[in-house]
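Next up, some structures in structure tokens.
Below, chain A partners chain B and then partners chain C, in two separate complexes.
After this line comes the complex of A and B, so read on.
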């Protein structure tokens, strides 16, 4: 019995590691192409250089696009985390009449193809006469990201004991005090993961941005435009930078979350 | 839970409490409801409006015609072909991913132990890299003189296979992109299987296949179904794979919608098509979700 288990476990480990290698293979290929000195990619790489990286960093156009991406992602994070925190309380904390229906309706934007959603929003903006720009993209991202973040925070809310809130009320706290002193500190780990999800999903979003940014452009949009016409190694260079940025943020976010939890436990 | 505790409390207090909880829940849901009302429902209404507008016009809500739908259902229109491609590819993606993801989901629950959180993060992270960046990485891998071709030539072979810009590579791209959407619901589903139950069955002499078919699979089904549904729905709407990897060797349904909106500047026709896709997807989603208990899935005790 133990032997068959060992063999099964080894097979599962092997398969998982293989799939992980496949998942990261294209990302590695992009990094490789960005260090290729010549304009057109060829493997094995004849000469490595960091020229395309420095050109990408120096480009004023790319600088503006990066700023737009950061601005959009920051605003999306703030707005969607606030809305989703309340959304998660309604999802998991309170028993109320419309809850079952609400739990299902909130999933619909996730179960909806983003290119179609982006187009629908473009039509909506057009119908009411709103000019699309980075601000409409913030709104579009929020519509899709709030349901995701609501689920992320809801998982934390399920593990939360509502009697703590009730005790605070009984001891004479106001609604705001309970929120600030009891509810938010208890939900903090979920809210923190929700913030990371919101920022990173907005940062990497392409289909919604494509239709809703108007004349502005985000990093994934710029990359796509250059992939279709006018490839330069700045495309994989910027793609790799965006990936590394996301990885650094995720790592830092994870470490901060861990430290805060350690300190809270101590 | 709370309801059971309250049942023993004095009638009036219980009712008071419930009334407060009811309004608090609804109030918390309000911002989300407003956001989705304006940002999700209203655009769908706009699409519906355009779908019944005069073809090639922008007379939304001012004209009414069924002409766009008639055009789409006309036998000479090839849009049904795109729809079939999309459905077929989505089904194939679901089937392949179910097989690919199941051992990993099982491993995350039973085998990996302390390494499981790290492995989960490694599977989540690609979601934070724009899908066109990842798909373009595959182009660099498969392209002539790319990583695969170059490696094979270096090893003395005549070169890599020409897979780029074929329907097959589109399917590969979809399987690649949607793996996390199958994996995580499946992992949540398998977490619902009590290990004691499996052990008990084994002690009583049940074979491995029997345990899998009679215990694991049925108990994990809600998660597996959500994963399949999510993957299927997202794959129906996939365009980037067919465009970047497939080189438009096939036209998928979302691409048809995009073409109507961009090149042919026929918003009403594109909207009519989007309405059909939307009705198909929401019908499927709502039907499947109505069968599931989300509280149990996500861990309410």
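After this line comes the complex of A and C, so read on.
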């Protein structure tokens, strides 16, 4: 028995390690490439330096691109979380005619190939005469991200006892008070994960941004453009920074969620 | 409670007047009729229990009273005012849910003070009132900041009750809040609820499928079946004078004997041999075909020389301990094979273990009742 247990544990650990290596090796390679003193991409790295990191941080162009990416991601987060919260209530809570159809329709954009979706939206903006910019990219990202966030929040709604709202209503709450005192606080964990999802999906989106940002540029677009022509180790440097930034956000988000839950449990 | 408060005496003496009135209340969902034509007067300050098997419409009825559903037909009035369409937050009533619906993100104190917060009462007054209510429902003060999800089942009941009292409703509704608790705690809380009813003088309307619960707590019981109120009366009336076989079988175990009256006026058994003395039907219906209904505790074993209005010969073949009582199953000869009769005796009067299993059952006509056949 003990031997089979040991074997099983070894198998689990081995597999976990394998998966981690497969996932993180490319990222580690990118990070290594950014510390290459040479201008060209090449392994093994002959001489290490942090020059390209400081150049990246100092670049005015990159500063603007990062600001655009943050702005787009923040706006997408706010807009899609508001839409998705009420959408999730319609999705998972209330029984109405057409709910099943809505549940299917809302998920469809997720399965639609993003380059095609991006191109379609570009054509749409042109047709109605809207100049594409970071603002149209917010719209495009929202179209694709709302379904994902709706699903994330709907999971929280499914675990929500509807009699809690009825009880609040019965104890004198107006509809608005029910929302503020009961519904939103209880959906908060789901809304919080939805926010993180929305930000990170927008932050790393390339195909939709490519078609819809117009003259503006986001981090993934800039990385792609520089890889096609004009590569410098600033590309892996910025890529690594973007990844670290996303990881930091995720970690901070998780910590805040944990702290809030701790305080509530006290 | 041993001491008698002045309000309590007043309540007993004052003639009860209806606070809630239901006239012809129906509720249909699509083609399904959940509640069918209910007429009911609820007296101010009474403890009324609606009891019925699951699916009898009692929860639907309660939801209409609380304002969470609207009647399809009929009128519900509170103090004479029509409230059919008044939403729950504008009714002076409060429902204690089966799930209790305590807010998991709020502490015990915040849960109890919730209705006051909604009304805009300031924090200090809220806390004072919540602590006062915690004393009323016998929760320790130290629980004020406790996470409500960390409370035990019985403590949660008290929190839910205190929260309902904080709303200061005129009528409290209960949707089987004790159903998930273990037997002993349930018994204790039933009695506490009864005490709280007496202390607060509020009107309680309680629904349950457990008649035992209804019997312990209620001033009056309404029995529901298939969307209709079959009988409304005091526990004694429901138990001692059920209007039909459904009520009498729902209310507890019974022995029934089918009898018919001959031209000579003598009642003879249809399913068991012999003639019987039969009490006149309490609803006054003259009939020639009837059921004699005898509760097991009104049956006794007859020794030599004992007399009873009616008797049956039989064989004891099983006995069950019910704690303080013992139930015997007795086979008696019937026209088509055998029939089982139940006899319940207190433990002190139990048959000696050595007793012959051949017995004579006896009961008096006055202890039985008669239902139309």
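Keep this in mind: the second predicted complex is superposed on the first by the 253 of 266 C-alpha atoms of A that agree within 3 Å, B and C clash if a C-alpha of one lies under 4 Å from a C-alpha of the other, contacts with A are read in each partner's own complex, and residues count from 1 in each chain.
Quick note on the criterion: a contact is a pair of C-beta atoms (placed from the backbone, for glycine too) under 8 Å apart; a residue touches a chain by one contact, two chains touch by 3 or more.
All of these numbers come straight from a predicted model, not from anything done at the bench.
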item	value
Contacts of A:86 with chain B and chain C, given as first, second, both or neither	first
Contacts of A:161 with chain B and chain C, given as first, second, both or neither	second
Broader residue contact with chain A after superposition on the shared chain, chain B or chain C	B
Partner chain(s) touched by A:20 [first = chain B, second = chain C, both, neither]	first
In the complex with chain A, residue positions of chain B that touch it	2-3, 18, 21-26, 28-33, 35-36, 39-40, 42-47, 49-50, 60-61, 100, 103-104, 106-107, 111-112, 119, 121-123, 125-138, 140-141, 143, 145-147, 149-151, 154, 176, 179, 229-230, 233-234, 236-240, 244, 254, 257-258, 261, 267, 270-271, 274, 277-278, 281-282, 285-286, 289-290, 294-295, 298-301
Sites on chain A touched by chain C in the complex	161, 163-164, 166-174, 177, 181-182, 185-186, 264-266
Residues of chain A that touch chain B when the two form their complex	9, 11-13, 15-16, 19-20, 22-30, 32-33, 41-44, 82-84, 86-87, 89-99, 102-117, 119-124, 126-127, 139-140, 142-143, 146-147, 150-151, 154-155, 158-159, 162, 200-201, 203-207, 219-220, 223-224, 227, 235-236, 239, 242-243, 246-247, 250, 254
Residues on chain C engaged by chain A in the complex (per definition of touch)	66-68, 87-89, 93-95, 97, 99, 101, 103-105, 114-115, 117-119, 145, 147, 163, 167
